[in-house]
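Pasting the structures here.
Shared between the two complexes below is chain A, which pairs with chain B and chain C, respectively.
Now for the complex of A and B:
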């Protein structure tokens, strides 16, 4: 294959969803065309992402200099192991949610542009994963955010209006602080290219200015990834929109913040990372505990999952906070598994609410007989998320805890175990309430769900289970992604040296 | 001059912080608007102020001749202004909608997303899900 071909493959996960979304917007009154165009874009993105992942795994990071403006002057797109992994999983999850949405999202939301907005969101997330430019990352954040708030408000119910207002306000403040940090960093180093900045910081002495800039980054990105104590907006919003929207938010959007935090701390601030790692460790520990405790007391299924999601963010940040190659690998594996599994979980919640008629745990019950298959799927997802062997959550947590103990951080290992237990209790209780206990005597007993409507959910769950049952390739992929992330000099040489 | 601008940015950020902490959603949005302007000014200052020639390559030259004004902050600010404007418009529209739905814009009483009777009960797509199921059997 020619280098030009790989440049296109690298840009495809951004270009294809953008194109699909654009066609969708142009044909906004013709829902059929919008749906077909975005479906094609989803499939194309997944194919391109798999190709990209294979190439990066085989022959190292790919770089594209937009419009041939060489780094550090132009905008650089970079796919290293971590970026390619996240883009591939986001594409897989995106296709799954697309198929689910095509069956469930209601007509009005389709006419108001559900599918184009959804693809704009995917393009924004992929752009954030692939960019090598710190200001460009801000732009992708905003693309993701504007599409996200559009999706969040689509149904126009009162809770959605309330949730959207809060979500917009807090996230706007968050991205503005990110922009402040970017502007100050530009003032301090004179560059916006991530590789170039990290090279320039090598010769800078430690100073209060750099520390303050770094903390502004940590603050804004922790807010974006819903880490303690800036997570309250997440459970206040994720339970209001349609299920497909919650699912893609849970799977992809929160990972954008976590990924950016990894990238900024490990790559951009690599010479100064020690200034923040301890802070991040404590943020991670508190996020773990707060997520687990919060999940225990929820009466709304999607709010419960939102808190479980917050706990999951804690594990990803724990990998960064412990700060060794092993812990980063564990965090990356957890993130990869979490993308697929959290999306699946929210889709499952949608199916449960579809047959129970409500997301309220108090009003559910007795579904075990009529919805045995759904009960099994939900149970498998619980096992996978809460870290029971042999599924994915277990391997990721075992790896993280091992790394925590090796680094001597007993408290982190304990928090990881306790949080897993709390999430297991919360979800187990939810399962018992939904399926096991006697249900409310209702006259309309919905028929068991048929396979076609469950198919995307089942496919994603199978992917998540497969990552757990056969973890070796994924452990290897994550370890390599962590090694690539830590190999700052290699990254600099790839980007600034202009390979290909 | 840079010191003066830095002080001005500080003042604007202080004003914005004060407004953002207000319980009134409208003031909060004004605060976000002010904060956006403060950041733009900050990026401008961060790119260093140079009262010299614009960054234009004249005929016969192949590169810029120093000293020239830094063009990059202007590109960044332009991007940030466009994005900030779009978001401000969207946030204002949401606030208008909220004030119509709830009859007030007091953040302390905005709790529609926290009320179980509004949230958990039959969201729109469940109904359509059911309708579709009935239609298709």
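Now for the complex of A and C:
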């Protein structure tokens, strides 16, 4: 394959969803065409992402200088191990949600443009994963935000508008601060290319200005990934839209923030990263605890999952906060597993609500006899998320805790264990309430669950379980992704030192 | 709004503003301007029209669903980027076709121009879709 071929494969995960979304909008009156175009785009994206991942794994990071403007002047797209892994999993999850949505999203939302907006969102997320330019990253944040707002508000019900406003307000603050920080960094270094900035920062003396700019980045990106103390918008926004929307937000959108934080701290600020690693460690610990405690008291299934999601973000950030190659690897594995599992969990919640008639745990019960299969799926997902062996969460957490102990941060290891326990209790309690206890007396016959609508959820759950049952390749992939992320000089050489 | 002065002035202004938007878009290749600002100017012409004659009149005058126009714009921009595929250049690379219509006068068609037109359409469609959504219940 020629180098040019790989450059196009690198652009495909952005171009294909964008094209699918554009065609979807063009055919906005004909839902069938919009659906077919976006489905094709999903499949194409997944194929391209798998190709890209295979190539990056085999022969290292891929670089494309868009418009043939060489770095650091043009916009560079870079796929290293971490980007390629996230793009591939996002594409897999995207296809799963697309298939799920084609069965479940109601006509009204289809007419308003669910599928095109969804693909715009995927294009934004993939763009953020693949860009090597710090300002371009801001643009992809905005694309994701615009599409996300559209998706959150689709149903136009009052609680949805309420949730959307909270989401928009807080995220606009986040992106604006990110933009200000980018402007200041440009003023300080004269470059927007991430590799170039990190090279220039090597010769800069430590200063209060750089520390402040770095903290602005940490603040805005922690906000975007829903870390402590600015996590409250996530449970407030994720429980109102249609299930497919909250699933894709939970799986992909939160990881965009976490990924950007990894990239900015480890790559862009690599010479100065020491300055904020401790801050991030404490953010991670508090996020872990607050997510776990928050999950315990929720009575709405999707709110409960949202707090479990916040705790998951804590694990990913913990990998960064401890700051060793091992801990980063653990965090990346956790993130990879979390993308698949959290999406599955929200889809499962949708199925549960479909048969129980509500997301409120107080109104559920007695589903074990009628929905045994669903109960088993939910149970497996709980085991995988809360980190019981032998499923995925266990390996990631074991790796993280080992890294925390090796780095001597006992407190971090303790927080990781406690948070896992809290999430397990909260989810176990939810399982008991939904399935185990006696149902409400007036249980009118609920809509039967049909296998075709359950199939994408099951497929994603199988993927998540497989990651846990056969973890060696994923552990290897994550370790290599962490090594590539930490190899700042190699990254600089790939991006700045000519093309492949 | 029912005002004779506004309606009369609007008839005149709309065509002028639309022309100006095209001028700004084409000028943007080498000088200040471009598809984004051109699209905003054109959208403001349509906004003026809807203030003077009402939302229904704007819908009729615009003919297409604004969201479809926005989608078409994005598609045009993507196609302008894909044209570098047969030329074996990276995504979005600028390509030029130069004609000599009149001897000595060169006339160039380029993919950046196509990209700008895509942006122009996307902005018009997007802004009008937002405007209509704010003006009436639903789309």
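Assume the second predicted complex is superposed on the first by the 497 of 500 C-alpha atoms of A that agree within 3 Å, B and C clash if a C-alpha of one lies under 4 Å from a C-alpha of the other, contacts with A are read in each partner's own complex, and residues count from 1 in each chain.
One rule holds for everything that comes next: a residue touches a chain if its C-beta (ideal position, glycine included) is under 8 Å from a C-beta of that chain, and two chains touch if they have at least 3 such contacts.
Please read these numbers as outputs of a predicted model, since none were measured by experiment.
Novice: Contact-wise, after the overlay, does A:354 reach chain B, chain C, both or neither (first, second, both, neither)?
Specialist: first
Novice: A:8 contacts which: chain B (first), chain C (second), both, neither?
Specialist: So A:8 only meets chain C here.
Novice: So, A:240: does it touch chain B (first), chain C (second), both, or neither?
Specialist: Once the two structures are laid over each other on A, A:240 reaches chain B alone.
Novice: Any idea whether chain B or chain C touches more of chain A?
Specialist: Touching more of chain A: B.
Novice: Same chain A residues contacting chain B and chain C, which ones?
Specialist: Overlap of chain B and chain C footprints on chain A: residues 156.
Novice: What part of chain A is in contact with chain C in the complex they form?
Specialist: Per the stated touch rule, the residues are 4, 7-8, 11, 15, 18-19, 21-29, 64-68, 112-113, 116, 156.
Novice: Could you please specify the touching residues of chain C with respect to chain A in the complex?
Specialist: Within the complex, chain C contacts chain A at residues 65, 67-68, 70-75, 78, 81-82, 85, 88-94, 138-139.
Novice: Quick one: in the complex, what on chain B touches chain A?
Specialist: For this pair, the touching residues of chain B are 20, 25, 28-29, 32, 35-36, 39, 42-43, 45-48, 72-73, 76, 79-80, 83, 86-87, 90-91, 94-95, 97-98, 101-102, 110-116, 118-130, 132-133.
Novice: In their complex, what parts of chain A are in touch with chain B?
Specialist: Listed in rising order, the residues are 103-109, 135, 138-139, 142, 145-146, 149-150, 153, 155-166, 168-169, 172-173, 176, 179-180, 183-184, 186-187, 192, 236-237, 239-240, 242-244, 299-300, 350, 353-354, 357-360, 363, 446-447, 453.
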